[in-house]
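Shared between the two complexes below is chain A, which pairs with chain B and chain C, respectively.
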Partner chain A sequence: MDLVQKRIAGTIVLSPSGRIDHATAEEFKASLAPHVARCAAGQDRLVLDFTAIEYISSAGLRVLMLAAKQAKAQGGALAVAALQPIVREIFEISRFTLVMKVFTTLDEALAG
Partner chain B sequence: MAWRSPSDGAPLSDAERPHWSERRWLRALRGARGRPLGFVLLALLLLLLLVPEGWLSLLGPLRLATFDAYQYQAPRARRSAPALIVAIDDASLRHHGQWPWPRTWLAALVARVAEGQPAAIALDIVMPEPDRLSPGRLADLITGLAPDASAGLRRLPSNDAVLAHAIRSHRVIVPMAGLDGESQGAVAGRRAPVRVFGTDPLPFLRRFDGALRNLDEIDAAGGGHGLLSVDIERGVVRRAPLMAAIGPSLVPALAIEMLRVAAGVPAFAVRAGPGGVESVGIGDLLVPTEADGSVWIHYSPHDPSRFVSAADVLAGRVPLQQFERKLVLVGVTAVGLSDHQATPVADRMPGVEIHAQLLEDIFDGSLLARPRWVGRTEAALLAAGGLLLILAVPRFSARRSAGLLVALIVALIALGSLLYSKAGILFDWSAPALSVAILYTAMLMVTLVEGESQRRALRLEIARQREAAARLAGELEAARRIQLGSLPRAAEAFPNEARFDLYAFLDPAREVGGDLYDFFLVDADHLFFLIGDVSGKGLPGSLFMTVSKALCKGAALRQGGRVAPVLVEANAELSRDNAEGLFVTVLAGTLNVSTGELEYCNAGHEPPHLLPRRERPLRSLDGGGPPLCALDDFEYAATSLRLAPGDTLCLVTDGVTEAMNDSGKLYGRTRLATVLSRLGDATSASQVGEALRSDVESFVAGAERADDMAILVLRWIGPSASGR
Partner chain C sequence: MVVRFWGTRGSIPVAMTAAQVQRKLVAALTRAAGRPLDTPQKIREFVERELDFPVSHTFGGNSSCVQIDGGGREYLLCDLGSGVRVFGNHVQAAHGPSGHTFHVLMSHPHWDHVMGFPFFMPAYTEGNRIRIYGCHPRLSEVFRRQNAAPFFPVEYTRMSATIEFVQLEPERDYEINGARVRAKLQRHGGDSYGYRIEQHGKVVVYSTDSEHKQDDPAEVMGFVEFFKTADLVIFDSQYSLADAISIKEDWGHSSNVVGVELCQLARAKRLCLYHHEPIFDDERIAALLDETRRLEEITRADHRVEVTAAWDGLEIAL
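Right, the complex of A and B next:
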């Protein structure tokens, strides 16, 4: 999975695209791993820009959950932003809004 | 030598010793689709082709047959007629009487021919003993002869003297025959001098132990002396030595001696190199030879125009100018005297005609030859063709490689025929052709055997995989029975229950899955129920599902059905030993079946639906927290609600909402809501459940299911049967 990466004002923004489901979850996890490893106290914040994510399954949520746990343990900050309606619905139903910070837009994420 | 291990140098035990080495050697030979074997075989065949002729005569007869076939198919066409044969034939014997004739008749014959002024005359008749018909010997032979008659006879010259005189007068060339294994006459005798150029040709030349010569009187009279012998290989005359060795002396063949005498050249010139004799020359004429000084005779068919009958010559019936400037051979051809040889072009050819043919070949320069480079070319072509086959046979189909073999053989035959017809060179196509055919057969066999063993290995592998798959399927089937068996069955769980009605359905996408549901009475009035979905499918999901279900049940029984503490406890327990990082969404609830009091708590699961009733529309029950295991210390809180008798709750997993049809469309929450909205009037839980299930199935329409699916429907009938 392609992770477009940019650094904006002390924040690493990763922009995955497509579907994160059973077939792509492991690849997404592998692409994410090095960034999550650096997401620690005193380091850059990590924001996942979900503008181009069409769907996320429970396998994808699991990857996010593990990433959030690791970031939390390291004292880092991990957030997702700009969820499409379907993905937002999945986050709300599964209450993943409680597992990690979710911002409506990328700008909010950068500000917050 | 003891085998030592490479790391520490300690001797290896018997078990460690590389007993595989010989097998590896064999495999290397057979491996790579038989190519190494092909190389070894090709080397052997090349060796066989290159051994000196006659040393290992495996290919010799085949080679001679090939050369004979060239001449038989396309014999030489006569261009000039330098030689003429005066034949003592059957007609001559009929007219003049039995052989041997008195030698005075031969003298008369020679004198008669000489009148025609030929270039040279040679006798193809060896006369080692005196003529018994000489007058002096007749005197001894005839009894009762008058003494004066006898004395008169004895005074006459002998027939041999008469012949010797004729021979001397006309410079007639007389023959000798080489003998093997005879001690007699191992003397040089009379012969023309030979000048040697290069190395000594003697060790290379065809060698005879001795010679059968004419009577000394006749031999001494000869104007030249030539060897009659030809080489007979397997019964056929193909070669004749142009120069041979008798004892330590070099002796020319009769034919080339005639040419020397005719040309008036005093001596022969023989050139030899380190590889053998190269040529025999007379004056300007240089005849290349094989290494042993012989030449391959290029035959034309038997031709009667080469012959004149001795009887006709003696009777003066032959115009004498016919002999002018010809090389005349006098020989015996009568059938009864059997001086006949087999040749490539004819089974019986008079010996004297073979000498005439040799003369024609030398005269026209049409001798056949097999220079040394021809053998090397044959070997090179075999090497090239063999390498081509070794590379191609394992790669090509059987049909294509057979075509390649045929093409190779046809090319060899064409090359051989071309060299024979255009250059008179004897190229042996048969040995390389046979060799490539043997090589091809071996390569094909190895390739076939290897293909067969690969097929067999493949069959075994397939059988093994099938067996493994069957075993796994059997184990998974057992796991499925255990998993599904661990779920309570709605129809049988509460046989005489009138206060509520349950429907439960679970269908894993694979044999086992990660969806779960459960329900049981915690006490007389409190029904605990839950539905859940592990973030994983198959075996890992099913194991986590089983653990989750057991933990929740234990917690529920301990907590008396208060759902928030159940989820807090289950969350803590599951999070503690969650190596895989899975999570599980759960909706748990407790219904007081006597009062309709409902308490539920949602851990990241699809919200439950309260079906429409009378004026109330379909309602989705919100509230709750994240999935179990997502946040270790989350304080789950319960939501309370009072149901009215006849209210129905419907709980599903995302296997329902995310069921996908063939065109990739999801079932979706909207369609779920639409279906449930229509079911407000349903009279039982199973009516609701079955309607939903069949709607999902008709939507999916046989597409392969990706996710597990569970449905739980709970209908509260009322505090008792009377409450309905």
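Right, the complex of A and C next:
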């Protein structure tokens, strides 16, 4: 999965697109892995800009959870931003809004 | 085929508190204020038609027990949680104390799935026959030890019914009480087994106490095949997805989110949320059901899955 990457004031912003489901979750995980490995104390924060994500399944949410756990263990910070309404609902129903840092907009994530 | 739910609560039986009963009464009487509800008939109609489910009902508190009624004289059950006490009393009151045959498919021998058996009155009545099927070895020991000191005052040997244990193997078809039954290994501490039950052209899947990590496509597709085009999937949805893959990972339970996804992939007709979290009250379970229906709606492609939530006393005709 192609993760468009930008660096904005000490934050790495990754912008995946499309659907993260059972068919693409492993690819998403592999694309995310090198960035998560560098998400550690004293390094850039990592923000996933979900503007172009249409759908995420439990397999995709699991990848996010593992990434957040790894980043936390390394002393880094990982957040998700700009969820589309349907993806936002999936996050709420799965209670991911309670266990991950989720920002309404990318600007808020960058400020946070 | 009719599926009857005698126990739907996960992990441990629960009872409503006085405060919860009062909350229902206050809600019902508030809704009734100003209405001419001056006869029991009018009140009953008001309760049945106008009150929301968590006000007029309760999801109940007995632990796992489901009856699969294919229409024969003998009984087919899944699990022997505390719900089987109510089932046994019902059978004996309606059809007499003896002469019954019960076939029981055991998901696993954890406490909440076996605890009803010492209170299953037909087991103490001569002339009844109970056949307990399962994939775990030495299931009989579980029931003998449960009905013995120091756990219980009445010894297993005092059970006068004929009790037989039948060892099953997963991924094999068996004919049990006129139904075709296939067991599948599930991820749970000490293992659990789901059952796909087919009879008269209808398919029910009983899949409780099953954790789905969703990280192995082969495992996912194995469950999709197991649930394939089922008329009803009874699914362990005790945890939220976030809990199931974080603080409660490896605790052996699943979520409503995974239930919806697997049923969509399998093109199952109906998903029934089951093994409810014991700390959830009726309002919370009703809200969970609403959310799950919404999730199914917003993630639906070309196949609709009807979503319901089990409650003690629910009957689903297929």
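As a convention for this text, the second predicted complex is superposed on the first by the 112 of 112 C-alpha atoms of A that agree within 3 Å, B and C clash if a C-alpha of one lies under 4 Å from a C-alpha of the other, contacts with A are read in each partner's own complex, and residues count from 1 in each chain.
One rule holds in what follows: a contact is a pair of C-beta atoms (placed from the backbone, for glycine too) under 8 Å apart; a residue touches a chain by one contact, two chains touch by 3 or more.
As the structure is a prediction and not an experimental result, all values here were calculated from the model.
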item: Side-by-side fit of chain B and chain C on chain A, or clash; value: clash
item: Contacts of A:59 with chain B and chain C, given as first, second, both or neither; value: both
item: Comparison of chain B and chain C by chain A residues contacted; value: C
item: Which superposed partner A:98 touches (first chain B, second chain C, both, neither); value: both
item: Partner chain in contact with A:22 - chain B first, chain C second, else both or neither; value: both
item: Chain C region in steric overlap with chain B, selected from 8-16, 26-34, 116-124 or 152-160; value: 8-16
item: Residues of chain A contacting chain B in one complex and chain C in the other; value: 22, 57-59, 61-62, 65, 69, 89, 93-96, 98-99
item: Contact set on chain A toward chain C in their complex; value: 22, 25-26, 55, 57-59, 61-62, 65, 69, 86, 89-90, 93-96, 98-99
item: Contact set on chain A toward chain B in their complex; value: 22, 57-59, 61-62, 65-66, 69, 89, 93-96, 98-99
item: Chain A partner contacts - residues on chain B that touch it in the complex; value: 533, 535-537, 581-583, 585, 602-607, 624-627, 629-631, 634, 654, 658, 669, 706
item: Residues on chain C engaged by chain A in the complex (per definition of touch); value: 212-215, 217, 220, 240-243, 245-246, 255-258, 261, 265, 291-292, 294-295, 298-299
